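What follows is chain A paired twice: with chain B in the first complex and chain C in the second.
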Partner chain A sequence: MSDARLKWLLLPAGLFVLAVYAWPTLGLFRNAFNETGPTGAMVETWSLKTTAEVLADSFTFELTLNSLWLSLSATLLALALSYPVALFLFRTNSRFRGLLAVVAIMPMLISGVVRVFGWLAILGDRGLVNSLAQSFGLITAPMKLVFNWTGVTIGLAESIMPYMILALLAGFGQLDRTLEEASRSLGATPMRTFLRVTLPLSLPALALAAGLGFVLSMSAYITPKLLGGGRVFVLATEIFEQATTNTNWPVASVLAIYTLVLLLLLLAASNLAARGLKR
Partner chain B sequence: MPTRRLVLQAGLATVAAPALVRAQSSLSGTITLMSYAGIFQDNYTKAVVEPFQQAHPGVKVNYVPGGTSAQMVGSARAQKADPQVDVTIMDVTTSSIGNSEGLFEKLTPAEFPVLNELLPEARAAGGDYGPAVTFDHLVLVYDAALQPPLAKLADLWRPDLKGLLAVSAPPNIQGLALTAMVEKMEGGDHRKSIDAAIRKLKALAPSVSTFEPNPDGYSLILNGVVKVATGWNARSQLYADQTGGKIAALLPPEGSVFQINTINLTAGSKNRAAAAAFVNYALSQPAQKAFTERMFYAPTNGKAQIDPKAIARTAAAPESRARMIDLDWNEVLKVRDQWNNRWRREVVAAR
Partner chain C sequence: MSYLELSGLQKRYRDAVAVDDVSLSVEKGEAVALLGPSGCGKTTTLRMLAGLVDPDRGAIRLDGAEVTRLPAHKRNMGYVFQSYALFPHLSVARNVGFGLEERRVAKAEIARRVVEALAMVRLSGLDQRRPRELSGGQQQRVALARSLVIRPSVLLLDESLSNLDAKLRDTMRHEIRSIQRSLGITTLFVTHDQVEALTMCDRIAVMHRGRIAQIGSPEDIYERPATRFVAEFVGRANALPATRDAEGRVVLWGERLPVAAPAGGEFDLFVRPQRIRILPISEPVADGMARVTGKVLRSVFVGDHVEVLVEGAAGQIQVELQSGTALPQEGAEVALVWRARDTLPFPRETA
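For the complex of A and B:
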C-alpha cells in the first residue's frame, strides 16, 4: 500500500478524536475567557481576568506542588515494585509466563472505583492491615492509612503499576543477557553485575515507565478523591470541584488548560530524558 | 391541634384538587423532570409524579437523575440553546445561579395561583423565579447504639468520638451550614465573622475521619466506619425508618440551618404548558402533603394539612423552627470561596 493510501487508515480514529477530544477542548478554551460573577453566575465575555486570578492565587501553586509531589512519590513507589516484577517476567522461562504477565496487569481490568473501595477495606481503621497489626500486638490504636496522603500514594502506586510493568517490558529491548553472562564470567558478583550491567541497560525502560506513571498520576482523579478523605488537594480534584460543586466553569477551564500544558511539558521532558539515556 | 373546620377544609381540598386538575387537563406529551437520584427519586416519583400523571393521563413525566445540584445547573447551562429538561428541582444556591443566567423562567401568581398559598420564606427563596418546593435542615446523624447518645453540637468534640466523625467540608453546603452553626454555638454571628467557628473546627479536625464522606455519611455510619456524620434531616429520617432505627438524627439545640430546594421552570421548555402544570401541582397542597408524609421534607405550601406525626419529624415542627439560624444562602454564596479557603488552609490542613 502506498503511503498516501496508508494515511486513510488514520481517518476513523482521527474523526473520533476530533469529535470527542478536540471539540470539547475548544469549548474548554472558550470557557477559560469567561468570568464568574459574585454569586457564581457565569458571565460570557472575552477576558483574561480568570486566568490572571488563577495564576496569581497561591493555592494554584500549592496544588501544583501537591500534584507533583504525589506523582513523584507514587511513581517512585510503583517503580520500586514494578521493576523486579517486570525483570522477572522478562527473564523467566516458566511455562506460566503468559499467565503471570496477565496477573501482573490484571488490576487494569477492574474499575478504579472498585479498586479504591478495596483499599478502603484493607487500609481502613478496622481494615485488614490494622486488624492484623492489632491482633499481633504491634499497635494499640489504629494507624491512619487512608483519608490522607499515605492512602492516596499507596492506592495511586498500585493503580499505575500495570502500566509501568508494560512500559518496562517494552523498554527492556536493550537488555542483552550475553552482557550479563560476560560480566559474571569475568568474576563480578551477581549484585555487581546487576548494578554495573543490568541496571544501566534498563535505564531507558525505567525512564519510559517513570514518565508514563508520572503523567498518569498527575491526571489521576478517583484515587485522590476517594482515598484522600477531603485532605488531599491536587489539580485534578480541584478542577472537578470547581466545575461540579462550585459551578465555576471559567476557573475549572483555566486550571484544566494549565494542567494540560504542565503535562505536555513533563511528557516532552521525559521523552528527552529517555532519548538521552539511550545514547 | 387541628380544628374540625380545618380538617374539613383540608379533606375537601384533598378530594377536590385532583378533580380540579383533571378538569383542566387537555395537556399531552412528555416533560422531563431533573432532580436528585436514589431515595429522593423513588419517593418523589411515588408521592408527586405518579399522582400528577394520573390527573393528566396525556402527560408522561420523565424523571432524569441529575447528580448534584451544581451538576444540574451545569446541564441546564450546557443545554441553554436547546433545553432537554423542562423542570428542575435543586438546591437554592445553584438555582439562583441559573436564575441570574436566564436559564429559568420567572413565575407570576397570575399564571401560578398556588404561589399565593406558599409560606413567605418559600416565595422569598426564589424571588420572582421558581420558589421553594421543599425545606430540609442540617442534622447530626449518629449510630443509634452510641452511648451516651449525641445530645448537642458540642458533643462532636467528645474525646470518645475521635476518629469516628464524617464531616462534609465546604464547598459542600453541609460544610457551609456547619460553619454558621458552630459560629453561633461559639456565641458569634456568621454574618460578621467566622473566626470563632474556624478556631473551634480546627480543634475538631484531628477527630474527623473523612471530610468527604463517600458515598455519604449515612452509609459510613451503617457500615460502621464512623459513628457520627453531618447529614440532611429528611434522608436521615427515612434511613432511620428503613434500617429499623439503626441511625438517629439530632437537630442540635445550638441551632441548625435550612436547606432549600426550589422548583424551576426551564426557559424555552418545549412543552411549557405541561411543565407549568407540573410546577403548579408540585407546589399544591396534595403534593406537598404526600411528599412530606412520605419523606419528611418540610412543606413550603402553608395551607397543606399534614399529619402532625410527620410534621414533628420535619423542620416545620415549632420546636425545630425556633432553633433555626437566620441564614441567607444568597449572602453565603458571596463568601463561599472565602469560607472554603479558610477551611482548606486552617481546618482541613490541621492534623
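For the complex of A and C:
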C-alpha cells in the first residue's frame, strides 16, 4: 500500500480520539475562561478572572506541593522496589520467566478500588501488619498506616509498580550480562560491578520508569481519595471535588490545565536531563 | 607441574553436557589453541577458567595453587570476549584503565600504563573516544589492551577475530601473536578456524563433543591426526572407502597399496589433496608409493592453486596442484601417486 493510502488506517483511531479526548479537552479550555456567579452557577464569558483567583489562592500552592511530594515519594519507593524485580526478570534464564513477568504486572489487571480495600485489610488498625506487630509485642497501640500520607504513599507506589517494571524492562537496552562478566574478570567485585557497570547502564531505564511513575502518581485520584480518608489533599482530588461536589467547572478546568502544564514542564525538564545522561 | 593445569573438567546443563572431560596442561608463556566446531564446549571451558562458570567436576590449578572455586574477580585472568564487551558508557581510556582502577593502582601509574597499552595495540590518540565511535578492529584492540594492561596470569581469547573481515583478521592474527610472544604471556585461544589455530599457537587442542580429541603441535595435528574427527576437521582430506584383500592388504580402486590396514571393521583412507601428484599413466612408481588410476573430470583454478578432480573405479579424489604447473587435460587417463606414509587409515564411523 502506498503511504498516501496507508494513512487511512489511522482514521478510526483518529475519529475516536477526536470524539472522546480532543473534544472534551477543548471544552476544558473553554470552561477555564468562564466565571462562577454568586449563586454558584457558571457564567459564560471570556475572562482570566478564575485563572487569576486559582493561581493566587495559597491552597493551590499547598496542593501543588502535596502532589509533587506525594508523587516523588511514591515514585522513589516504587522505583526502589521495581528495579530489583525488573533486573531479575531481565536476567533470569528460568523456564518460568514469562509467568513471573505476568505475576509482576498482575496488579494492573485489578481495579484500583479493589486494591485499595486490599491495602485497608493489610494496613488498617486491625489489619495484617498491626495485628502481627501487636502479637509479637512490638507495639501496644496500632500504628496509623492508612487514612494518612503513609497509606497513600504505599498504595500509590504499589499501583504504579507494574508500569514501572515494564518501563524498566523496555529501557534496559544497553544492559548486557557480558559487560558485567567483563567487569568481574577485570577484578571488580560483584558490588563494584553493580556500581560501575549495571547501575550506570540502567540509568536511562530508571529515568524512563521514574518519569512514567511520576506522571501516573500526579494524576492518580482513587488511591489518594480512598486511602487518604479525607485527610490527603492533592491536585487530582481537588479537581474531582470541584467538578463533582461543587460543580464548579471553571475552577476544576483551571486546576486541570494547571496540572497539565506542570506535568509538561516536568517532562521537558526530565527529557533534558535524560539527554544529558546519555552523553 | 605445568603453569596451568585443567584436570577432568566437566560442565553439564539441564539438557546438554557442554564440557564432558577436559584435561590440559599449559606451560608458562605458551599459546595453546582450543580448536573445534561450534558447540563443542570451547567457550564453556574458557568461562570455567575465568571463573564465570562453576565446573561440576574437575580442578583448575594455576602456578601450583588451586583456583577451581575462586570467584572471577580474584583470578586475574584477561578475558577477551567474542563481542569485545567494551563498556559503552566509558571512554577508551577508562575502559582500558578499568582493571587497574579496581586494583587501586595510583592515578598517574594508571595513566602511564593505559597510554602504554594503547600504544602496544596501535591505538594511541583515541583514548577519549567512546567504544561506539570505533571500528570493529579498533574495538577489538581496545578489548585486547584492556585485558593485557592488568598483566593477567593467563590471556583468554574467545573467537576474538571472528567478527572481523578477512583482511583485518589476518593483520590482527599476526599482531596478537607477536604481542603474545614479546610479553611471554600464557594464552588460551579459542577458535573454530583452523588457520587461526595453526598460525597463532604453539600447540593445538582439538575439541570434539566436550572432550579433547588430540593435543599436539600444529604439525602433529595436521600430519598425524589421532582420530578420524581430527583428520576431517583440520585441513582438507579425501576420505576414500578401502577394503582388504585375502592377505589382509589394503585395496583401493582395485589397486593394492603398501599401507597397513587398521584392525577389524570397515575403514577409509584419508589423503590430503596437496600430497597427491598426477603422473602420466605409463610412469613407473618407486617403492613406498601408493598409486591408483582414474580419469580427470575437471580442473578449477582457485588463484594460488588448482583443484583437480579425478574419477576412479570407486569414487573421486581431489588433488591440489600449485598453480603454474602444467594442467592435466580433462578426460585424460592419469595415475595418482602419493607417499604411502601420507595415507591415514581410520575406521569408518558407525554414527
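Here, the second predicted complex is superposed on the first by the 277 of 279 C-alpha atoms of A that agree within 3 Å, B and C clash if a C-alpha of one lies under 4 Å from a C-alpha of the other, contacts with A are read in each partner's own complex, and residues count from 1 in each chain.
What we mean here is this: a residue touches a chain if its C-beta (ideal position, glycine included) is under 8 Å from a C-beta of that chain, and two chains touch if they have at least 3 such contacts.
In this text the structure is predicted, and so the values were computed from the model without any measurement.
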Clash-or-fit label for the pair chain B, chain C on chain A: fit
Touching partner for A:111 - first (chain B), second (chain C), both, neither: neither
Which superposed partner A:135 touches (first chain B, second chain C, both, neither): neither
Chain B versus chain C as contact partner of A:41, first or second or both or neither: first
Chain B or chain C, by number of chain A residues touched: B
Contacts of A:197 with chain B and chain C, given as first, second, both or neither: second
Touching partner for A:229 - first (chain B), second (chain C), both, neither: first
First (chain B), second (chain C), both or neither touched by A:176: second
First, second, both or neither for A:243, with chain B first and chain C second: first
After superposition on chain A, the shortest CA separation from chain B to chain C (Å): 48
Overlapping contact positions on chain A, where the chain C interface meets the chain B interface: none
Chain B residues touching chain A - in the complex, by the definition given at the top: 67-68, 70-71, 73-74, 77, 93-94, 96-97, 100-101, 163, 169, 171-172, 209-212, 214, 224-225, 330, 333-334, 336-337, 341, 344, 348-349
Chain B partner contacts - residues on chain A that touch it in the complex: 37-42, 59, 124-126, 142, 147, 225-226, 228-231, 233, 241, 243-247, 249
Chain C to chain A touching residues, read off their complex: 50-52, 71-79, 81, 83, 85-89, 98-99, 102-103, 146-147, 150
Chain C partner contacts - residues on chain A that touch it in the complex: 174, 176, 178-179, 181-190, 192-193, 196-197, 200-201
